[in-house]
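A short worksheet on the structure shown next.
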Amino acid sequence: MAAETLAALLLLADGRLPAGGHAHSGGLEPTVAAGGVHDIASLEEFLRGRATTSGAVAAAFAAAACAALTAGDTGRFAVLDAELDARTPSPALRATSRKLGRQLQRAMRAIRPHPCWAELGSRPHHPVVLGAAAAVSGLSPSAAALAAVHDAVAGPATAAVRLLGLDPFATHAVLARLGPLLDDVAADATRRAAGSPADLPASAAPLLDLAAERHATWEVRLFAS
Amino acid sequence: MRARATLATALAADGRTRVATLHSQAPLTLRLTHPKGPEPWTGHDAGAARVCVAASAAGPIGGDDYDLTVDVGAGSTLVLRDISATLLLPGPHGELSRLRTTVQVGAGATLVWLPEPVIAAHGCRHRSDIRVELGTGARLILSEQLLLGRHGEQPGSVVQHLRVRLAGRPLLNQQLAVGPGAAGWDGSAVIGDRRAIGSLVVVDPGWTEHPPEPALLGDAAVLPLAGPAVLVSALAPDALTLRRCLDTALARLAGTHGHRQPAAR
Amino acid sequence: MLHDQNTHDRDPETDDHEHPHPHPHTDTAGVLPRTPGRGLRIGIGGPVGSGKTALVAALCRALGSEVSLAVVTNDIYTTEDADFLLRNGVLPEQRVRAVETGCCPHTAIRDDISANLEALEELEESLPGVELLLVESGGDNLTATFSRGLVHRQIYVVDVAGGDKVPRKGGPGVTRADLLVINKTDLADRVGADLSVMDRDARAQRGQLPTIFLSLTEDPGAAPVAAWVRSCLSTMD
C-alpha cells in the first residue's frame, strides 16, 4: 500500500466516521442475550467466526466494488448487489446492510463528492459503498477489503464493551490478536475479488442469521442490529 | 475412487414424467423407486418420477471424487431421495473427498430433493458443491442435514457450498465451513455448540407476489430470500430435533401431503 | 410571541445583565439551511427523567391540530412509549420513528447523526408537507447537545428535581440550546430547589437566549414552549 494513501484508509476505517456504525452491534446484542458471548474468550470466538464469514464476504465485495470503480465499470455495482443479496439470506441483515450502505453513501457524498454516489442508487449494500469509498479515496482493493473486515469485528467489539462492561483494554487486545486473521481474510478477499462476482466468497454464519432475525422482533433494542 | 452418475427426466406426451437417462457408476448408484414416506407437493402425483441414490460402499472416504448430474426436463417432476445416511470418513493420507452435484430444473419443472443426513466422522475432510439452475417457473424443494460427528465424536472438516440461480440470476449462495479447518466455526457467530445443522430451500413461483413472512421456529429461522424463495436455517443439539424442526418448516411452507401411501401399482 | 409569566426570555435590546464569562453565542444561527417545502427540525434533549417525552407529548397535543408534525425518538423506545405519544399526543403511528443509539445517545444526535437524518428523511418522504419534526434525544448527561447539521433549533430540558445547581453547572445544552426549559417547577418546594437561583444562573450562562420555567402538571399544553415553537415556525420560513 502506498504510504500516501494510509491517511485515507485510517479515515475510512475510523469508528468515528459518521456513517451510522456506532449504533450497530453486528449481531452481538442478540448473541449476548442468548448467552453466546459473556466474557473475553467467548467474544474472541464470536469475532473470529464473524471475521471469516460475514467479514470475509464484506471484504471481497468491498474489494470488488473498489476495483470496479477504479476501472470505471460502475455497471458492475448492480451485479455485486444481486450477488450480495444471494449471500445474505436473512432479510433483517439485508435491510441492515442497505441501511448502513445508505448512511455511508450519505456521509461520503459530503466527505468526498463524486458522481459514483448517485450511480449507487438509493439503497446500496454497505460493502459495495465501502469499496466505492475506498476507490474514491485513492485506495486499492486490498485496502477496501481490510477496512471491511476490520469494520466487521471492531463494531461488535465496541458493543461488547458497552453491553457487558468488558474491560476495554482486554477487548482491544482481542482485536490485536485477530490482526493476522484479518490480514489473511483481506488478502484472500482481494485475490478472489479479481475473479467473477459469482465466485466471490459466500461464507455462511447460521447463528448470525438467526440472531439478526430474533433481534428484529425485539420490542426494545439498544443497537439497531 | 471416482464415480459419475447422471439422471435426466422429461415430460411425456401423456403428462407423466419419464426417466430419460439413468446412468450410475459404483458406488454412486441411482434406482427407480416408489413413493417413500410423506412427500411435499408431489404426494399424490403418480405421474412424478422417483429416484433414490444408493451408496453401494461406505463413504465417501478421503480421496473419493463423486459427480452427480441431474436434469429435470421442462414441465417434468422428479422426487430424489437417498436410501440411507452418508458417513464421511477420512482417507488414509488425509485427502479431501468431493461431491459435485449439478442440477438443472427446466422451465415449469419441479424437483423435490430430500436427502438423508450427512454425518461427518472424526478426521474426515469433505467438500460438497451443489449448483442448481432453475428455469422460469421452476419449483424446488431441497433439504440438507449435516451431523457433526457420530455420538460424542469430534467432527472432521466439512465445507458445503450451495448455489441456486433462478432464470440466470443468483438467488442463494451459501458456503458453510465447519470443523477444525474453519476459524471460529464453533463460536457463537457460526454454529456454537450445535452439532446438527440443517437447511431447507423452497423456491415457489407462486411467491413472486406474496413471499412468506420471516418467522422463528425455536433455533430455526424462516428467511425469505430476495426472490420467490425461502431458506429455512436450522441448528439443533441432535439429529432427531433437527429433523423434526425441518419437517415442521417443510409442512408449513410446502404442505406435506401423502402421509398415506398411494395405492400400489 | 406569547409571553407567559414564567417566561424569562428577554429582549436583547434591553437586556443588560452582567456577563461573568464569554458566551458561545456564535453558532446559534445554525448551519442546517431551511429547505423550502421541508419541515422545521427541533431537537429536544436533556437528562434522563427531565420530562422530554412528556414535553414532546404536550407539544403534539398543543400543535398537532395546527401543523403537520412528526417525531423521531432516540429514547429507549417501548410500546409503552409509543402508546404514551399516541394516546397523549394524538399522533398516528406513521408519524413516529424510533432510532437505536447503541448505548450512546449523545453520539446519535451529535457525532454521528446519520441514522437520525435517515429517519427524518423517511418521515419527510412518507408525510409530504410535514412542517415540524421533533427529534427527542435519549436521556443523557449535561454534556450532550444536538449537532447543527441535524436540527435547526434545539430545546434543552432540565428539571428542578435534578438540583438547583444544574444551570450553574452549564454544559452545552444549558449554555447553548436555543431554549432552556426548567421543568417540574411544581416540585421546587418539595425538593428544596430555589427557582430564583436557577433563573439567575441560567441568565448568567445563557446571555440573550431564552429560558422557560414550566410545570406540565399545571400546564399540560406547555403553552409557553408551544408559543416559542410557533414563533420559530413563523420566523424561520
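For clarity, chains are labelled A, B and C in written order, and residue numbers in each chain start from 1.
In this section, a residue touches a chain if its C-beta (ideal position, glycine included) is under 8 Å from a C-beta of that chain, and two chains touch if they have at least 3 such contacts.
Keep in mind that what you see is a predicted model, and the values were worked out from it rather than measured.
Chemist: Chains as vertices, touching pairs as edges: which of line, ring, star, complete or other describes this one?
Modeler: Topology of the interface graph: linear, an open chain of contacts.
Chemist: By C-alpha centroids, what is the most central chain here?
Modeler: Chain nearest the overall C-alpha centroid, as shown: A.
Chemist: Quick one: report the Å distance separating subunit A from subunit C, using the average Cα coordinate of each chain.
Modeler: 35
Chemist: With chain centres taken as the means of their Cα atoms, state the distance from subunit A to subunit B in Å.
Modeler: From the centre of subunit A to the centre of subunit B is 31 Å.
Chemist: Express in whole angstrom the distance between the two chain centres, defined as the mean CA positions of subunit B and subunit C.
Modeler: For subunit B versus subunit C, the centre distance works out to 58 Å.
Chemist: Please set out, as single numbers or ranges, the residues of subunit C touching at least two other chains.
Modeler: Residues of subunit C touching two or more partner chains: there are none.
Chemist: When you check subunit B against every other chain, which residues touch at least two of them?
Modeler: Subunit B, residues with two or more chain partners: not present.
Chemist: Going by the contact rule set out above, which residues of subunit B touch subunit A in the complex?
Modeler: Against subunit A, the touching part of subunit B is residues 161, 163-164, 169-177, 182-192, 197, 214, 216, 219-221, 223-226, 231, 233, 235.
Chemist: In their complex, what parts of subunit A are in touch with subunit C?
Modeler: Answer in residue numbers: 16-25, 99, 102-103, 106-107, 159, 162-163, 219-224.
Chemist: Any idea which subunit C residues touch subunit A in the complex?
Modeler: So the residues of subunit C touching subunit A come out as 76-79, 99-104, 107-108, 111-115, 117-118.
Chemist: Which subunit A residues qualify as touching subunit B in the complex?
Modeler: Of all residues in subunit A, those touching subunit B are 27, 31, 34, 36-37, 42, 44-54, 82-83, 85-87, 89-92, 94, 181, 198, 201-210, 213-214, 216-217.
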